[in-house]
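The two complexes that follow have subunit A in common; it is paired with subunit B in the first and with subunit C in the second.
Entry: the complex of A and B
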């Protein structure tokens, strides 16, 4: 389990990014960490992975501060950064040099994922395209079978078939023994992959709910321009009408979550959306 | 696939695997540098032989080659040391080593073992081979002197060159290792600048003290101190041992500083 308690952090000569941020993440769940550019998503992942240290507060992985960077914690963690460079060796050599550090590394799983992604193991990694390199690192990260898997913008640079392949692979590899955090601002890419939605804004978690809760308490629909909507919380114009988020009531059937609409609603109408959950919870 | 136990105790296997990573990731660069130095020594040898026009009686060919070779060994080694933790320079590469499941001590020792022991072993063995070959072949080409006397010069001097170079390199290696971890970029030049700045500051302090105490008296003390601190000076065995202990402590202290710095290294 990941436990972030009262995290405080500021980059040098900049205003504080995190001021008392707390977040608990459970095993067996996939978290979608959303936020606008500069909201602190990457910085938060760097804290969880132990590459950055909090000025105050703590970030624990299975009870051990991530800043200690001890082998037991690190062998249970893999981070896929958004931007990364790989050495000029082929995939096989990379695996030979890095995989032994991960006790649960599964070579067969790695090989299969590489095949599904259609990445050639013989080419030097530096000669692969950015998308190919990302697919290689995703394959390696999944095969490590770590308890914590952090992915920063994993779908950036992937072509459309690869994004679909990524969703399939992630769905197939979900496990009760893994906590996955996928940070992105391309919310649509994560549809059907996540269990929990966490939205970060200016270093604060402004929304953190499971999909079940959202389905129970929010309603997503598209209405015509002249159609009235009761309990409307947020709406945005689309071709021929309006996409609307409203409070769920007993008469309406649960609807499929429109992640992009929800994200926009949370960013623009934070209080109204959260109030809906509080009201419902009290009721 | 054999995997390592992720416990907190020092693991030789993990440390060795990190050494292998350093080697694999840098081998092309290192081999190019190594080949250039060996090539340069042979070119120098040919140039000296050509310029001497067959008369090398007064020209210490072997010594020139050895001084150059061992000087380049130290400089090359410091360049290698400075770049050993290059991955930490960028957030794009730092994740590989920083989140690798090994202890900070293993990561540090892997850097030290690679940049000092393995590098010195390979380079010095090669230098001995090259200079030995030159000592053997030069008299044959020039038909001047005998192979025996040339080899005896080599045998007399090679030990001294090796020990002195190793001694100086181990000290500077520990400083540049700290620089490799401490600085975010330009590790070699930044460390060099700090060393130069240190010498300038020490020089200024010395001048200030000597102006108070009198230059001659202070100069004598400095000269005496330098003599006793240099293990290669002709001093008594006791001072040699003390000097050895001082520099061992110095190296260990810098390795400790490097360890602390590595433990607190952050990359964003």
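Entry: the complex of A and C
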């Protein structure tokens, strides 16, 4: 379990980014971390992985502060950064060098994922395209079978068939013993893989709910101009009507979550959206 | 699989399972693919897939044999048909009737059209 308590951090003294951020993450779940550019997503991931140190507060992984960077914790954590450098050796040599740091590394799983992604293990990593290098690193990271897996924009740079492959691979490797955080703007690529939605805005977690709760509490609908909507919380004009987020009432059926609409609703109508989750759960 | 309509993904997985049973691809007492297989095939989080399994289990359409997997229950076809007929009456017919009325179709006209198409 990851628990972040009252995290404070600033790149520039006069412009603090995190001023008391708290967030609890459970094993067996996949968190979608969303936020506008500059909201602090990558910085937050870097705190969880221990690459940045908080000015105050703490980030604990199974009770151990990640800033301590002790080997036992690091062997249970993998981060796929958005930007990365790889040495000019081939995939096989890279694995031989790095896999020993991850006791649960599964070579068979690595090989299979590389085949699914159609990445060649013999070429030097520096000669691969950005997308291929990313697919290599995803294959390696998943095969490490760490308890914590952090991915920053994992589908950026992947070609069209690889995105579908990525979803299949993620579904197959999901485990009750793993907590996955995916930070992304590519909502459509990954929405079916996520079971918890977390929104970061101005260095604060302004929304953190499971998809199950969201389908129970919110309703997503497209209505015509002349149609009345009860309990409307947020709406966006579209051709010939409006896309609407509304509160659930007794006679509405659960609808699929429109993640883009939900995100905009959360950013603009934070309080109104969160208020829907405060009342007692309906049976 | 493309999730296009406005139903939650797990509901669409349920529809897919029901189709498999109605079309005879899955027969009673047959073991069906695992939660993980379904999640991979449909490219969804296994936690989403499991909701579909649980709901069908509650409706007596699937049953779980611990450590072995999920099976199609006895009389599952009848139960699926009952469920689907109810859904058809509650959800599709009101919409259909509204359009019929708008366009001025009568029931007998409809009956003729139906016969023509199914001859």
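Everything that follows uses one rule, which is that the second predicted complex is superposed on the first by the 275 of 283 C-alpha atoms of A that agree within 3 Å, B and C clash if a C-alpha of one lies under 4 Å from a C-alpha of the other, contacts with A are read in each partner's own complex, and residues count from 1 in each chain.
To be clear about the criterion, a contact is a pair of C-beta atoms (placed from the backbone, for glycine too) under 8 Å apart; a residue touches a chain by one contact, two chains touch by 3 or more.
For clarity, every value in this text was computed on a predicted model and none was experimentally measured.
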| item | value |
| --- | --- |
| Clash-or-fit label for the pair subunit B, subunit C on subunit A | fit |
| First (subunit B), second (subunit C), both or neither touched by A:220 | second |
| Which superposed partner A:77 touches (first subunit B, second subunit C, both, neither) | first |
| Which of subunit B and subunit C A:43 touches, first, second, both or neither | first |
| Dominant toucher of subunit A (residue count), subunit B or subunit C | B |
| Which superposed partner A:93 touches (first subunit B, second subunit C, both, neither) | first |
| Touching partner for A:53 - first (subunit B), second (subunit C), both, neither | first |
| Which of subunit B and subunit C A:208 touches, first, second, both or neither | neither |
| Computed vertex angle (subunit A) for partners subunit B and subunit C, CA, steps of 10° | 150 |
| Minimal inter-chain CA distance - subunit C and subunit B, angstrom | 26 |
| Overlap of the subunit B and subunit C footprints on subunit A, listed as residue numbers | none |
| Subunit A residues touching subunit C - in the complex, by the definition given at the top | 28-30, 164, 167-168, 170-172, 174, 192-195, 211-212, 215, 220-222, 253-257 |
| Footprint of subunit B on subunit A - complex, ascending | 11, 43, 46, 49-53, 69-72, 74-75, 77-79, 81, 83-85, 87-89, 93, 97-105, 107 |
| For the subunit B and subunit A complex, residues of the former touching the latter | 1-8, 14, 17, 20-21, 24-25, 28, 90-96, 98-104, 263-264, 266-268 |
| Residues on subunit C engaged by subunit A in the complex (per definition of touch) | 3, 5-9, 11, 36, 39-48, 51 |
